[in-house]
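For reference, the structure discussed in these notes is given below.
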């Protein structure tokens, strides 16, 4: 049996990158509701990310989105972040909000528009050079809405060429991470709809091109932990975008919709070495706090990952393997469920305190008056929005 | 065998209400792309709806959305529409864009917010009195995103009370039509998620309360034509919101994603008397033309409904019933598919010409120069958007 | 805060009916695997059900399936069961295995076949009279595989007539419970595909006709606990068929695929009075142990229900209501999750021991030698199969 | 514009392999209904396949399933088939009906069971040598039902080794085709659940290992034609298993559930060279005629493929490319739909007659008395069943 003390060294390594856009307002196509205290600048977003890290010890880096987070002086921004104890992390490109990209970007039939999109990624790489970021994450909103609208095959070929041009530009310690998504904003076909397509495309590029797995980007019923296991086996799992969903890409707080699924995913991450010291798997959040407060929402999110990681680490693998090899279906399942059923909240709270962190970060944040301070201070100016 | 001539009397009755908001810009949460020539006022939206009717003879009414389409002088707007050969149709309420409704409207725990939402519907009924509209259509965006966030059961009771207050206010020839939706914008629970809930709620109100079936608002795999048949059997099918989808509520052009499904739906509409002279079933579009031109998109939509209605009317019901009663599975299926396989385009074109309409409305519209005229004229001002 | 001691009176009332067919072999259309020790008679199935009850104290009744469990002497069978401490429970009819029912039973176009199916239900009611069973549960495998094959509307009408004839025959303390199912074995349309249809049909019959909710019989993504809340609100939730699934009607052990969903369902059951002393909601299992041992599979199943019921009873409803009414989304969600995160295994074990039951029923069963005894004794004869 | 005459050379090449098991009885886990005239031997199954070919000219080969179709004298069986104008085609292995395979075959933890499964495939290759078959098709029923039951990652590694052993044994002109399936009979994880996994596994083997795409083996909403395009692009589409579905793996007649989807698939097959003279893509049926007559069911199936292939060949690709490159969304969609809307039944009938085939194969078969002859002749003996 594994004890809580056995797992704290690994838990200590757990680091979850938070996205700058999670602190701005977000919503659905119907309405974006505003909330008091929402940031009005990149700096305020970074400050909020640093606050999450201060209360949880779990979020040492913040991912940026270009052009939303563009600044003139990257060195200054980097210092600003580091002063608050947080690093600038993954750089996310954006090829879905320029009018030119209505019918495609890296896959567009018009070579000028493709080049514009490639150039945007070059700009992102320049930013990475300035911020010291390792990863360029590419999510493509490309696809088509109507059968016949586009030549899916030709787009796949053009995508391959465009990605090669971008990959070529990367520095030697930089990586390209390609996200896939089942649907939305395109409603008939998506150019990178599944892990297979992302895998095929990044495999053609080289070793530093990897797949990004967003937990909300699959067809109903998809066994996500199987994909995690497969990509780790293939050495191609670059990063996670964590969130949860009941229906489509709902972008809810990770672990909120199906905590057992998050547990199963973390079991496979651990099984495949994703939490090892030399692991190259980046854990990120990518969520929208449409109706809840943002900083508390992010706090709950990283704690959910921590909690399910702890339960997954407690899994008695030796006993499990024994039951699996003996073909004892119910015994193996029970060993698995015993880890999931373990309430780690008290152990985690004590361990947090031993590290100088609040036992209960959400309650500590609520009691700190920080939120009220933000709401009072951040008046006037334009709140940043997710899009 | 039924000939095309046999079905034209019914085809002649086919009327599809178009939504004013289809002519404005729409999009996804990621981006709303603008298009040249987009209306800047209610009048321009109505003019566009009238254009669709002029080219197709299929769209004699336009549905309005309150408050998007609010005007001071309803009598003037009604004359404006009638002068262009189109009637003002269904009034759609909106309880999803006011900040007060972030956590609910007709179901909110706070009675003041519930009353505000009820009052909004009273205002809509006032508009109906002025426009002569028969139907008040209620789509509720209400629900919750996180388990525990809301008391689903209590909300159902409050919904019942709120609807009763609204129904009470209706005039004797007016109807309340309650739409259901599987999910979005709420991502854990929706207060009216399925036809059963809508049926239960409207049945408690009275005879003039009906269900609205939006073809995009179902779980994956749902047999929609079964629901059509069931609601017609129960006398509770008030109206359709036509559109099509591959995934979620994609709001694509009706018939674009699965023309055979549209055919099957129209077969059940006809089977259940929905195209009879005294039918109370209203056929409406509710779509978003995110990337395609709006007027041509609406033209294609009403033509798709017409085409599938024609195929459905050609179904040899006598032979079908014979095969069904004989238990001849493949024969029955073949008779059914024969109607669907019939190419009615040439017959419809000839029939259109015989009625003074263009044989091919989409080509006629493209050749008319109307679109270019709009794009030249509608410069400056603010384009209307879907939200 | 609710303590474990507070909830034991309700836990004590928890009773889960087990199905006789769960002890026989089952499988998929590809293969039914046999297992040693499988019953060869109704009596052996009842003995196995009694064993589950003996080790768990949770399964005081066994549901029978007609004609699979037909015997000549019902009084003897009843005594046999009672001697082992178990009652004969719900009677399940079967209209899916007779060649006459290939294209329908209660909905068939041929009145002779309809009458045959009605007569079968009369026979079931006779059995109920003999066994003292309260509930006649009807699951209809009826539907069609190909569009056009059947007249869905006409079948709905015939179903209504057939059910009326059956309901009419029920005794005054007997109930009719109508199950719905999304699909399978019919693959185009199912005659009772959703709760709405079951509700409409049973409402037309009378007060003693109720809906049966099988947790595996919904479209992907369906919010099942909403339906639970709605049916309880309407006074029409007759019974549950518990099981779990990842994809379709997988019939896995209840709580195995998504324990959080089972928790949410139990929260709504409690919220709606389904565990009150006068509750008329029957909790049943309906599962297939295709690859695992049957008795241990049933033991795990009833324990899963007990465990999630305990967690649901621990929910701090006062605090939850406060947070809900204050619109504190994250607080409400956290209160909800706190109950779910509570590890009740140790408390349940101690409580079991205090009642003379084994602390860990699965381990106790494994250690008892009972399984080995069955495997040695039940050699020869024909194992009973699920179908 | 393409005329019907332009497309007949390609149509002439269209050949669809039919499965021997389609002529036997099949069903669901609930019931296998028998039908008069069902074959009682391999020879009778082949005779039925030959009948389908005689009436349609579309089915020149029959796929066999080992061990269901095992015979002592393969040379004799081959002559028997050839005498009836039909070739023996793909050999399908079976690792899902032996008790040893309850928890896995090629992936089993026990090396003896893995070797047994590998040996079975060696036996299949021996059969291929005797029949002259090119393709060994492997569908694996392997997976697990409960989280924790199996080590998914280890199974993937073992699968890789087992497949390598089988591939090694193939002759130089033989191929291995690996099917994937979303779920069933395993209900938690499947070892080859998606095209990505099949692609990864066959890519590791070599050029003569390909992917088999069964149109019913995907998650809800999956864009199948995208996968077709991708696999053709990668040179890895080995074969199709055609069928259709509304829900899960319903195995209905191809084209029955969504003819437009079949059309879109055939468009991509043609676009990717899948109907070119040197194409290595094999088109097969894999269906279950649970309630309909088998030979007429197969006739309808091959005709559906022919009809949608004809429509797809009529697509005006030059105009389509023009509209796509101009970004004219609606024009491109309309060109696409115009091909789909074309009624090719009369042209196909005339063309069939010109080749000495019946204009309407289904009606010709019904009028031929062949079915009645089979029903009278095939009395006694044991009907073959699908499993």
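In order of appearance the chains are A, B, C and D, and numbering begins at 1 in each one.
By definition in this document, a residue touches a chain if its C-beta (ideal position, glycine included) is under 8 Å from a C-beta of that chain, and two chains touch if they have at least 3 such contacts.
Since this is a predicted model, take the numbers as computed values, not measurements.
Under the contact definition, chain A and chain B share the contacting chains C, D. Interface comparison, B-D against A-D: more C-beta pairs in contact at A-D. The geometric centre of chain C is 38 Å away from that of chain D, both derived from CA atoms. With centres set at the average Cα position, the gap from chain A to chain D is 39 Å.
Annotation for chain D: residues touching 2 or more other chains are 103, 145-147, 182-183, 188, 220-221, 223, 246-247, 256, 260, 291-292, 329-330, 333-334, 337.
Note for the complex: chain A touches chain C at residues 220-221, 223, 246-247, 256, 258-260, 291-293, 296-297, 300, 307, 329-330, 333-334, 337, 340-343, 345, 362. Within the complex, the chain A residues that touch chain D are 103, 109, 144-153, 156-157, 182-183, 188-190, 193-197, 199-200, 218-223, 225-227, 229-230, 232-234, 260, 264, 268, 271-272, 320-321, 324-325, 327, 329-330, 332-337. In the complex of the two chains, the chain C residues touching chain D come out as 26-31, 33-34, 96-97, 99, 102-103, 141, 145-147, 182-185, 187-188, 220, 245-248, 250, 252-253, 256-257, 290-292, 386-387.
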